[in-house]
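Across the two complexes that follow, chain A remains constant while its partner is chain B and subsequently chain C.
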Partner chain A sequence: MAPDIRFDWTGTVGSVVLGATKTEGGTRKISYRIGGGSTLPFLSGNASSPSPLVALEICDTSEYWSPVIRNYCGDLVDDIHAWSQAAETLYGADLVRLYLTSTKERNFSDIVSVKTSIEDVLSATGLPLIIEGSNEPKIDSEVFLKCGEAGEGERLLLGTAEASRYRSIAAAALAYNHSLIAQSPIDINLAKQLNILLREIGVPRDHIVIDPYTGTLGYGFEYSYSAIERIRFSALKGDADLAMPMISSATDTLTVKEVREADPKWQDEIAVQWEFYTGIAAAVAGAEIICVRHPRTIPMLRKAFLDLKTGTAGPAGLT
Partner chain B sequence: MPTVTFFPSYRKIEVESGCTVLEASQRAGFNVNVVCGGQGKCGKCVVFIVSGKTEFDSQKFLRFFTSEELSRGACLACQTTVQGNVKVTIPDSTLIQEQKILIEGTEIGIEFRPSVKKYYIELSAPTLADPSPDLSRLLWGIQKSGGPVAEKIYAPLEVLRDIPAILRHSNWKVTGTIALVPGGYRLIDLQEFDTSKKLYGVAVDLGTTTIVVYLWDLVSGKVLGVASNYNRQISCGEDILARVNFARKNGLTKLQALAVDSINTAITMVSDATSIDLDDIYEVVVAGNTVMTHMLLGIDPEYMIAEPYVPVVRRALSVASNRIGIACNPNSGLFAFPAVSDFIGGDIIADILACGMGERDDISLLIDIGTNFEVVLGNREWMFSCAGAAGPALEGGEVLYGMRANPGAIEKITIDPGTLNPVYATINDIQPKGICGSGLIDFLAGLLTACVIDRTGRINMEIKNPRIRQGRFGPEFVVAWASETDIGKDIVITQNDVKSLIMSKASVHAACITLMKAAGVTCDDIATIYFSGAFGNYINKTNAITIGLIPEISIDHITNIGNGAVTGANIALIDRKKRKILDNIATKIAYIELNAEPSFMDEYTSSTFLPHTDLSLFPRVQKMLDECRLRRN
Partner chain C sequence: MTDVKIAVTSGEKRLQNRILSISTPRAYDETAYHLPVSYALTGLAVHDRATAQEAYARSGNNTIVAAECLLSEQFAIGGKEHAPYTGFIGDTVLRKLGYSLVDGSILGLALVIGTPDNAGLAAGICRELQEKYMLTFLSGGVVPALSGTGVKLGLEYRLIPLGSTNTHGIHFADIVARVAMMFGGVTPGDSGRLLKYATERAKAIVIVFSGLSDEDIALVDAMRALGFPIVSLGPYSGDAWITAIPEDAVRVGMEAKGIRVTVTAIPIPMACSPAFEGKSIRKEEMYVEFGGGRSPAFELLRMRRPGEIKDGQITVIGPEIDAMTEGSANPLGIIIEVAGKSMKKDYEPILERRIHNFVNYGEGSWHVAQRDLIWVRISKEAVAKGVRIEHIGKLLAGKFRMDFSALLDAVAVTLITDEKKVLAAKDEAEKVYEERDARIQGMRDEDVDTYYSCTLCQTFAPNHVCVITPERPALCGAISWLDGKIAYEISPAGPNQPVKKGALINAQNGEYEGVNRFVKKTSHGEIDRCSLYSVMEYPMTCCGCFECIALMLPEVNGIMVVNREFKGVTPSGMTFSTLAGTIGGGAQTPGFAGISKNYILSDRFLQGEGGIERLVWMPIQLKDELKNRLQKKLSEQGHADLFEKIADETKAATIEELTTYLAGVDHPALSMKPLV
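Presenting the complex of A and B:
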């Protein structure tokens, strides 16, 4: 028997459903209900805190991607169909997160290709999808609407809304019943503010996943940890505007100096370790989805989660 | 010499040719408003030349006038020189208005009991049978006519030297002036015959820019006159920091002399206008911010402006006026308000005295907003204070069309939530030139309730309305079309303006919350919010709450105390009992250094939302905004 580690917490992290199976109106093999925690993660004996999900990040134009991944995955990175298929069958990810890096191109206007890419990934894998749209206010609206349309019925997770640009993505999410990622710069108040803004334009709470922004290990991760942890505490204490599941993606990990300038012999290993440490720490802080780019990080995280859950690596005396 | 005649009072004065109209008016005893110190910057000293020869470059100052005003001979008194006999009209709006000082019957129980008093006594001449010394005879006489116990009165050497001659010369009919000083009573003057009706005092608000002086009849308890003058230290730097730096380079002497000179000019103006002898002024009370007080007393303020920001004194000071050169009776005392820290000065202690929060059981929040803000929370038992930079936005600075509260500034705005057309009022009802702080607050509240901006202040560009557009500096909202304005350009509020305003309001609100958390009180515990300073007089209280500038409490419980510094100085002048509690207040206040308060940044960020990230702090605003949104949808 484990002690009840809930103190005076009365709140519960809200849940968000990602992906839709055939019976749910989509084409995914599986769908997830994330969130729902009523205490801190990885406390033994608390079934209400399931293992975090691991998402593999891929992109549609690999020139923007880290050479570490290009070296490891080879030609896969230039074929999003094969890459996303591998994410599921070869690498064992729970989710695929597609970055539409093609939209970064100057004066990008090939909106149709957005739809093609998404349909391609949807056909290649049965996993639920996270789609990262454009980063350019001028084309935001068109790109997000196209994403929404292409994934209609699939309950995508669309990224990324920020306080300075949230209307187009919210419109797309609302129109096609997707959820969205709400990102704020490592600050609990700003995270809450964005959630209020989204609520006020009609996005329901169960369609929001918070991204408190994750700085990578050694580059501000401690601030991210604290933000994630405080958001989790606020949710447990009953703040409905912060009671959403969280996603963590330390996108800078593979480009930090230590990885970039590593001895080529060890670069791949260091990259994986760096991603792993950042990811596991974010999960302990309370994130429900951990995004990685290196396929080898996935099994390491999965094993660590399992160990934590079974109590073999849990705090002494709580088993 | 040319004669200047002022209308509508027909007051006349002779001046030398080339004298400014401002100087002439001051010599004639008018309190003309000169916020900028006579530099032609503020446009407050507007007068109308009826006839006569003057020099004024109207082209240079066109921005201050309408064409109608110019046709009537409008000019700035500080920039116009007299070249011959001149007739000038001074409109009421140019004069400094006397502020009402509530004395009797206020809830804080101010009574007329000044600390100086005159006693007229007729003594019997000494004889061989009654050979007691002159001083004892005099002091007993004072005691017998109701004065303090003779043994408790101290007579300084300067007065002592004059006693024998005055007693005999007047045939033992004299008037003694007794002042209550720290540690007892002091005989500060002895005059021949009955002068007991001639007892005056002045209360001084020593501001960084402006000095205000009230002249009181300390026998009848009436205000005889008010004068104001700019602080001549302006020539050594506009703000406090510049002046401290000036002192560092050039020594304190000049600054001290300028402060004294500015006060003396104001005292002389009001005593001339009321025909009172400066020697009959027996008491001076000064309330000023910490640096100003230090400079007036000739105490080096240099060490206060660097870490760890320590002032030299934290108690009220009583000194002889003549030691610092104030123009009044040479033996009179000067009482300077105590300071708490370099930022919480005597002016804030005067605010506290003026609103009475230090004498009540219920909890008050005092807010003084300028470029800097000061906040005090507490009651008779305890007080917390803090100060910080509000940024210039609330005073119209760093806002594209922002301006100070001068003629032509839009000071009030409401926005029709349907058409988004604003209805505005400008100062002096002329065509708008810009927007001042109170207008900006109204505007922010109006845009929020009309759902034009979201709670982070971002303009929703999806709204189709000609007033919402992309401007040179990003999204903007047109407040007034070029055709309505005085400047021939559209007056707009830009996205950046809104951001600056939100940052300003957030720092004030975060300071309030920081104090409330330090004291462990909530909005419900606050009985009254007091606004001090000119700013509080003009802002719309409801809108100030809507944007989250101040904590949400019922607006019936928000009070403007106007110039609290001058009110406090007046109270301390006329009621000696109130003066006693000042040191107690000053030592009681805990000062919280916001820079060193780890939670302040957190509070600040949560306040950068309209009205606040924690909506439960603003239940009424929240309800109102929900209703607005429903209507909109």
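Presenting the complex of A and C:
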């Protein structure tokens, strides 16, 4: 007999739809319904615990990206069209996460480019998109309006709302029916508070993905693990304000000392391993979307998830 | 004068008749919402005579529905009006407008309708609406009236001319109806939710000039059902509409709807941030000081009626800093007057306490204590940069408006530095303090059925839940039951939540079903039971902020209390900090409780263990601090001699000495029921 893997949990993680296919009013080849788990992701038994998705992160101005990626991907990083196409066809990602890093430029004013970049990526790949908009509060209003418009009908996941600035992104999500990422600095209470703020402004729960903020392995990851774990436990214990899927992106992974100063011969390998172990740990803690920047990490994570679910690596293999 | 009530009745009747003979209403293009008000209220897509009449009937003969159908017929026959009139606004534009509303770049919506008697005043109203980030729609005679005044019209100026007749004002309602469906998740046909959304979420006001027909009046009046305040500047009488003078119309309308202009920056010559809160100003860094026993000083926050004070007004009565000698102590009175639609008199002390934080936010200003005990310093550096008394006022006014934007519409600050006037105002202030104290004093736990929680500390003690009752303040001593109640009213999703006490489980220990249920849920399932008055059985959890620790000493069958300030070793063999490390972090530790100093003076103190007779030891400093009040309390309870029997470190430093001492004074705890 299988052990009871629901313990005294009564709650279920809410679900969020990412992407819209033609029949759903968009142009994506596939759409996902993430969340819905009623236990931890890799416990084996009858309770539902879907496997995480893997997103490849790309950006529209590659000078902000780690040289490790440029070395591996080559000129792709200067062409978001080809890069996002490769994410789907060559690298096998589930999602593409586009960072509009161009908006970081001083006195950025080319708001129209936001729209063209998003449209470009939408045309290049059939995967659902995560769009990271402005990094500058002054232009939030214009940038997120454009993001919302450009992706109308596509059920984008828009990032990133924080307690101090969430109105524009919430407005874009509401106006154009997208979901959004709600980020809090490794603190369950602040995560909950932001969700309440979003609810008060009118964003439905099934349009919110929590980002508990992920520090990379060796640089505070344990705090993130604990935050992810506690948010998930609260959801399973019935706290509806925390019962949303989570996204984890350890954006510093490729710039930590161990990777940056690695022997050039091994740098690529170390980068992938660093990303892989951060990602797999976040997935075990409960994150539904794991974001990576190195394409080689994608198949490794996917295989690991499968092994944990069905193979010999996880508890399923012990029975 | 037109009586609004009579006009509405007659207008409704006429509209009803006209609906009977309606022939060609039709839905607008550029929208997925047909005739939006009719669609939102009834779920019916009006496209011809039959559906129009059906929608009108189903809406309970709603005037807006009638007017909407009739205007659409006019549009179907006559087509679009010429520029500058926009007529019906399509969904694409509306989505952007809605975005700006949610986003906060526009604060609210206004409809200005009718024909103004004075074009200049109308222009003034429109400019004020623009300055206050309102998106304004115009219909009727007001549009041509503005033409010679230099006011520019168009979406980019946030002034939109809907149409040449008053009837075009209907588009204002169809915009709100669509915003509710697009952004508020209101399903077409769910009229209850539509009205709720329009009333609670849509920040919309209507300003009415002269020249409205009975039908127009009926239409405008029907918008009251959507929660829009109607501000009348025309010859209309009746209670339903708010009468105002043109200069006040915008303010009155925005206040009635609770729309607030937010403050984002405080124009003073010093930095202002919580980052400076912990920074003190030492004597040698100080330019001038106020209070602290060196000169008379006080602070007071009072509520005023809206309109009684001018927002942002700073008044300094007496000499400015320039006229004060460097290094001197000067008199100071800080009087803050606030007004706001949802402000209540009960909030005064809570807001007043924030003066402390706000003054400390200033890089060169420092503040301690409260009421007539305050002590304020301003640094040499700040004065050199140009900081004056006036700027402290600006800082306070700005921070109050920023941090309590939902509560306050206006804040005015008066700073008095003239000694005679400070003394006179201080006498007045002291009367207010007394009145406030009287309000919480004498409140008993059994007088209320709701307590308040505090989970502010869950950031570092994740499962900690404080339950605050009238007779048991929070263990940090900073939040009373009344404070909790008010904090909840101000911020309903905040850390202070109401706790229904529910059925009684154990009267002596103060255990209630409702409290247990709340604590279980809020401690994330960790704590099943919580007794309010017991140290021994299911005591409340501790975060780390407790002013004192009460703990059991089994050797003497009593309870000792040690306060945070005491640095020595207690008879338990442990120091305060060792004890604090043992019991904090949100754990429930039988035999130990974190408490506030004032709780020692409560009739509930140690009730579960048989009462204050259990108290065997306190540091002498705490004893002195509580002396007068504790002696009074003990006399009232018939234990006048107990105060002297409570040991301190000068009488008993170890458990052995304590045992001997208690036996010597015949302490009542020795003969009480065994604790364990």
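Heads up, the rule we're going with is that the second predicted complex is superposed on the first by the 311 of 319 C-alpha atoms of A that agree within 3 Å, B and C clash if a C-alpha of one lies under 4 Å from a C-alpha of the other, contacts with A are read in each partner's own complex, and residues count from 1 in each chain.
Convention: a residue touches a chain if its C-beta (ideal position, glycine included) is under 8 Å from a C-beta of that chain, and two chains touch if they have at least 3 such contacts.
None of these values were measured; they are calculated from a predicted model.
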Here chain A is shared; do chain B and chain C fit on it together or clash?
-> clash
Given the touch rule stated above, what does A:176 touch, chain B (first), chain C (second), both, or neither?
-> second
Which of chain B and chain C A:189 touches, first, second, both or neither | both
Go through the superposed model and pick first if A:167 touches only chain B, second if only chain C, both, or neither.
-> both
Broader residue contact with chain A after superposition on the shared chain, chain B or chain C | C
Should A:28 be classified as contacting the first partner (chain B), the second (chain C), both, or neither?
-> neither
Given the touch rule stated above, what does A:294 touch, chain B (first), chain C (second), both, or neither?
-> neither
Could you say whether A:234 touches chain B, chain C, both of them, or neither, answering first, second, both or neither?
-> second
Could you tell me which of 4-12, 58-66 or 220-228 in chain B overlaps chain C after superposing the two complexes on chain A?
-> 58-66
Doubly contacted residues of chain A, that is, touched by chain B and again by chain C | 167, 187-190, 193, 196-197, 200
Where on chain A is chain B touching in the complex?
-> 163-164, 167, 187-190, 192-193, 196-197, 200
Any idea which chain B residues touch chain A in the complex?
-> 454-456, 458, 460, 462, 602, 605-606, 608-609, 613, 615, 629
Which of the residues in chain C come into contact with chain A in the complex?
-> 95-96, 98-105, 182-185, 201, 455, 458-459, 462, 493, 524-525
Listed in rising order, the residues of chain A that touch chain C in the complex are 8, 141, 144-145, 148, 167-168, 170-172, 174-176, 187-190, 193, 196-197, 200-202, 204, 230, 233-234, 237, 239
